[in-house]
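Two complexes, one shared chain (chain A), two partners (chain B, chain C).
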Partner chain A sequence: MDGSDYSWAAKAGDVFHSYYEIPFYHLIVELALVLFIIKILMSKSTGSPGDETPLTEKEMQKLIAEWTPEPLVPAGAADTEPPVPVITSKVGKYVTVNGKECLNLATMNFLGMIGKEEIEDAAVASVQKYGVGSCGPRGFYGTIDVHLLLEEKLAKYMECEEAIIYSYGFATVASAIPAYSKRGDIIFCDKEVCYAIQKGILASRSTVFYYNHNDLDHLVELLEKQAVEDRKNPKKARVTNRFLVTEGLFVNTGQITNLPRLIELKQKYKFRIFLDESYSFGVLGECGRGLTEYYNVDRRNVDMIVGSMEFSLGSVGGFACGSSFVIRHQRLAGQGYVFSASLPPLHASMVIKAMDYFDKDLFSKLINNCKIAHEALEAIDTITVTADPLSPMKHIRLIENNSEEALREICNLARDNNLAITVASYTSTEIFKKEPSIRLTVNTELTEEEICSSVKLIEEVIHQYTSPSQDISEDS
Partner chain B sequence: MQVGTTTVESNPNAIYLESRYFWIAYSGAVCFLHLMCSCVPFITATTGWLLTLNVHNIGNFIVFHYLRGSPFGCSDQGENRQLTHWEQINHGKQWTNTRKFLIIFPCILFLMCQHYCDYSSDVLFQSVPSFLLQFIPKQPFMHAKRLFGINKY
Partner chain C sequence: MPPEERSSEAFDETEEVFANNLDSTTNGHLPVNEKVFEPEVEYDETFEDPPFLSIMSAYLCLFLLVMFGHIRDLLRSWGFDKTMDTSEFGNKGFVPLYNDFEAFYTRNVYQRVLHYWCHPLAGVPGANIEIWDRKFGSFNENIRLQDTKRNYLNIGSYNYLGFAENNGRCSEETIKEIRSRLGTTTASPRSELGTLKIHEELENLIAGFLGKDACLVFGMGFATNSMNIAALVDDGCLLISDELNHASLILGARLSGAKIKVFRHNNMKHLEKILKTSIVEGQPRTRRPWKKILIVVEGIYSMEGTSCNLPKIVELKKKYKAYLYVDEAHSVGAMGKTGRGICEHYGVDPADIDILMGTFSKSFGAAGGYIASNKDIVAHLRKESHAQVYSSAMSPPVARQILASTEAIMGVDGSGEGQRRIRQLKENTRFFRTELQKRGYILYGELDSPVVPLLICSIARLCAFAKTSLANGLAPVVVGFPATPILGARARFCLSASHTREQLQWLIDLMERCEPVLGLKLSSRHKQKANS
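This part shows the complex of A and B:
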């Protein structure tokens, strides 16, 4: 016992002894560390660096005094809003608008899928089998056999490795873009892209460069500028993804993208192409496969094709197709796919049925109708038509005094004469302001006579509007 | 792991560090490391301590200050892609309890090492570099700063 006590005391002595021999700088290091520990134990938790200092009471009062509340509803808002036309029939070739049956030249139902009995039967059969909704995201009991069937069918039709379907057309491209393009990445984009793409780009938080509409020389300029930047900072360039997002057929202008040139640029400047074929799928190309078929380019050159099932297919939803590793990424990263209930099975069944109608005659008829309408519209000397002859969407603007009110009035007059046409509407948050226009659409259901007489009616209505004294013959 | 609803962290990469169980596990792991280092044959206790300290500090540097981003598919659109693990803690908030623990722990380990090595100058010179390697990046003024272009992009 004594021995062990002694040895403990000796050890303690050694410890204290060693303190005397600590070099001075050693002591400073130890002391500084101990003081540091005490200091941070005492310190309070604060915000992140770069956070602004809290406002003083005086500053706060000043800000409150300066603030003037805006009315929640701006004065006269309810009066200026144009009344929404109400439909009380199928939106097919003819449509009953506000109780008046009109020939429908405002629909995106390019191939006349709406009202086809077989498609309706397929929908009814699907409702009887699966019910009306799916009520679950694809990952949570929302995957129904018709979804897989449709994905397979779309992939096969588009000759891609894989396809993915979304439950809403707008959400398709708006989810697909942010799934790949993140903060710090670069997106090159056409100025006239549709609202869904604009929202997708916004959600991606990427740096975006807009090039003038269909002006690929301007795009080259921007790419060249970026290439110079990249050469200066190769380290940064190595981790920056570059994307090009554009529409195949622009809904806002009716123009067609020059895809072969884009692919040339892609190979030169190394970026990835996301092509939104919402309006060109089922329209362009011999078999309606869209822009890639129209230009006869290898579909593998386009990294992802996004389409909508809401226009030429006359259903609901959207799809994206491309190589397997591109598409599979979206099954976990596409927010619209992961977090919303899957496409109601009846809509999937409708698309499957509608795709059976796809054949070369149908597409050639549509293109033919587009050309007829274009020719007829070009002949009118009071308007300008901005659209490709092959586009089923024609944007009409008055040469003199083009305003939204005037166009709206013309549409109303046309509706009084049993023709439904519409003014293209945009939200106030569009990035680039749009010139108001009448958007006239052509579909396969129309005959040549109907197109010509409709265009004639439009001409007369415009004439009536610009010189109201003359009467109009009711001949449509 | 895909996160994206309002009830879930947008970046779950660093939340495990806040758990008290992690603190215990971390301390336990360092004790185990010291045990292992002391078991290496033919080395003195001093070398064992130096080995523990340097291995811990270098490991700490790699995990907290060198590796960036998150292994999870976050819904933050790449906000944390450029940030180190340390910078992601508490969404960049400084002097939180988690950060205090993670700063103080290596300091105490350093002091213990000096004590058990009898405050020898050799030990000091062999342990200070690795200590500073993980100590300086933890300071608030180093938040999102990159020295010598390392890890810059």
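This part shows the complex of A and C:
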């Protein structure tokens, strides 16, 4: 307060001093100007009273009384709720759905970690030592020694400088993207990326360009377009960060990204690569290190790899790894890391234990099962299969009359025959609408016979579902 | 707010506006009904500014800090000072990843004091904690964990009811859950094959506990906020948010696409003004009426210890036909006679609050969050909430811990343990707050709030406080700029039912002993009282 008073006084002094020095005609001109301004102001205030008379209190009350808001959610949502299957057993190789024991080809327990007794032992030991919750964010007494141990182990396994763990898989990539990409930055992104990435991009408020699924030529087109823009405005281009965000293995299509080509483009167009390996970590590559190992490229070319601990590791949470230069920043800027309670120690202990099971044979068994399932599914002529042969997630769609109701009915029929499969679920707010599909998931615990008989069962069930309608059409 | 303002007259007035309104039930509002809970207290909250000298010294210290930072940066660029920055691989000619200010602050401020945070615990975050010793390089780089640990009094964890424990009924139940019932995780979202029997059991119990029709649980508290608001409001809606709302609420609001307006912390006049002008003026540019208006507040603000003025907010919400979303992350379990949160504390009917949100990572000693509301809203969220559709379900052991602790709070388990803890927490809170206030410290928040921020004002003093505390076996949370305003550096004490009176007395004595060095008694109000 005092400081500002002083500065005003000083300013006034300066003004006075300057008036002392200027010629006299200058003062006359300025005086005329001041008079002119006063005249303008006066004329405006005496102008006609237009529409801008403020509302009276009564009028405002009337407007408020008239306003009728929409209901918070559409009325009657409770009546149209689709029944969700309820599970009453462990979700392992077998699962009891609505009281029926089924072979499980629906959950993403790729390596069969769920239900392993030693991992459960680790969880129990952890509860006995640390309790369940951590009761605080990482900064404020929520860091438990197992968190540090796990971060070290993940970094070592991924041969990276540093890893950071989050308490929720979805929040990992959704927090990591806005930690770096800000308003004004540019993100190039595949159209079929998972919902978490879409939300992360939205949270970053960056400009986003979506390229067609796995179509890197389209990406080059977009990059070239941007390069032209940059040449027009080099000043802005010098402070605009560019990122490429994509998934290693797309959960929505089961396809694999062409990483070597992306790295080539990275050097040419100077963007950083964030690779979401939530579904490819522990799946692709000889030792399950994901896409970088699968293509045998230098992992340091990818600026950040994001993984999930919820699928192949059979626990809860997610992680990001890369150079310390990149990753450490999230410890202050990753919202889901800074502002959330840390991962319950029992989940961290489970991951530490689960990583001991990582083994080349396990990964080759998974890939083998994926190939078997793919081959068997391709042989069915009433469906299309969207997935890479190496992907454990296979999207199945009916060639004729593919609809969500039909697929749900097929899942129910399969469940009656002791096979659990599920329709991939989406909300209505996906940026690019998704064609409904059954997402079949393969894991290491299945034998070749089980896969083949399951696929056969699916074929029969589809036939069973489609044939009655065929009968009718033949009759008419 | 003075108590007389909250008399029945205020409610009558609301009813009048309601009478104007064609259909008062379209908004999901219920008419003013009989009080479900008896109010425990009237709304009362004060903020005291630090004295002028403290403000000056805080600015001076920040100025010195920034100046030294610049000098060191200069020395670094000339090669005289060691640089601790890590570097990128390759990426030559790329735009720098971090902006200058961020990097400057991390390098010259955070890097120098980072040893006051992220302490690695060696066990349960209960009343006493064991922390592993760490060794730091001379620039706080290269942190190495030692194999020795020390004991501290934990006054930093959000363990309000003391359910963070590794023995007792809760952890026994959790272990049983892992061993014999539903295992550890699902690897599938709720809407696919991730809905377990235990989720339904938990949702029914929590809905009953809070006095709501239905409930939905999520695997992460932060995500409960950030991923559900978008399913409630969107483009064309208005979201009115308290300026000190938690980051998760801000993120959720941003993701929803609704227009966001912010009112000053707990300032009901400002809130009313925004409500009034917003309805009158309609949407910006198009001037269409708003589709709906959602007020978002927290029960207890985690950094301020203050609670929202719920009776007044409910009154305003009814008057202006807005919807209300209350985040009870820190208040559920910790407030109210039976732990039912801020509604019970102020005697507000839970039916008057459209959405009650809370987390399980604090009072319940677990992880995750919930949304309790009416049947329609919960059914809608089940379909449209991102957390239900895309991320894996809450894990069974965590769900069991919540079930067991809720049963204890509700007294279903028959031990009376929950009720004892709620009483203990309240006693601890009142004792601790009155003792500190009496001694002339500036505390934020109301008498029953277990989050007790102690205003320290300057960053240097904050670090001195952290250093002395840790050296004496006390583990507090210290927070400064940018998490608080520049002059708002504070230590935060989170009280717990597991603290004993002796422990709190010891803590107060410790602060009294350190007072000559630290000088934390900033309250001038107390001095005036002592003089008069």
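Descriptive notes on the structure:
Everything below uses one rule, namely that the second predicted complex is superposed on the first by the 386 of 476 C-alpha atoms of A that agree within 3 Å, B and C clash if a C-alpha of one lies under 4 Å from a C-alpha of the other, contacts with A are read in each partner's own complex, and residues count from 1 in each chain.
In the analysis below, contacts are C-beta pairs under 8 Å (C-beta built on N, C-alpha and C of every residue); 3 or more make two chains touch, one makes a residue touch a chain.
It should be emphasised that the depicted structure is a prediction, and the values quoted were computed from it without experimental measurement.
Contact with chain B, but none with chain C, is seen for A:G184 once the two complexes are overlaid on the shared chain. Of the two partner chains placed by superposition, only chain B is touched by A:I40; chain C is not.
Look at A:V132: by the touch rule set out above, it reaches chain C but stays clear of chain B. In the superposition on chain A, contact of A:R238 is made with both chain B and chain C.
By the touch criterion defined above, A:F325 reaches chain C but does not reach chain B.
In the superposed pair of complexes, A:E30 makes contact with chain B only, with no contact to chain C. With both structures placed on the common chain, the touch criterion links A:I22 to chain B but leaves chain C unconnected. When the two complexes are overlaid on their common chain A, residue A:F311 makes contact with chain C while staying clear of chain B.
For chain A, the partner touching the most residues, choosing from chain B and chain C, is C. In the superposition on chain A, A:S204 contacts chain B only, with no contact to chain C. According to the touch criterion, the shared surface of chain A, contacted by chain B in one complex and chain C in the other, consists of residues 182, 203, 205, 238-240, 332-333, 335, 338-339. For chain B in complex with chain A, the touching residues are 2, 4-5, 73, 75, 77-79, 81-82, 91-97, 100, 103-104, 107-108, 110-111, 114, 118-119, 121, 124, 128, 140-141, 143, 149, 152-153.
Looking at the complex, you find that chain A touches chain B at residues 18-19, 21-23, 26, 29-30, 33-34, 36-37, 40-41, 43-50, 178, 182-185, 203-205, 233, 235-236, 238-240, 332-333, 335, 338-339.
Here chain A touches chain C in the complex through residues 55, 60-61, 63-65, 67-78, 80-82, 84-92, 95, 97, 104, 106-109, 114-115, 119-120, 123-124, 127-136, 138-145, 147-148, 161, 167-171, 174, 180, 182, 194-196, 199, 202-203, 205, 238-242, 267, 270, 272, 300-301, 303, 310-311, 314-316, 323-326, 328-329, 331-333, 335-336, 338-341, 343-344, 346-347, 350, 420, 422-429, going by the rule given at the top.
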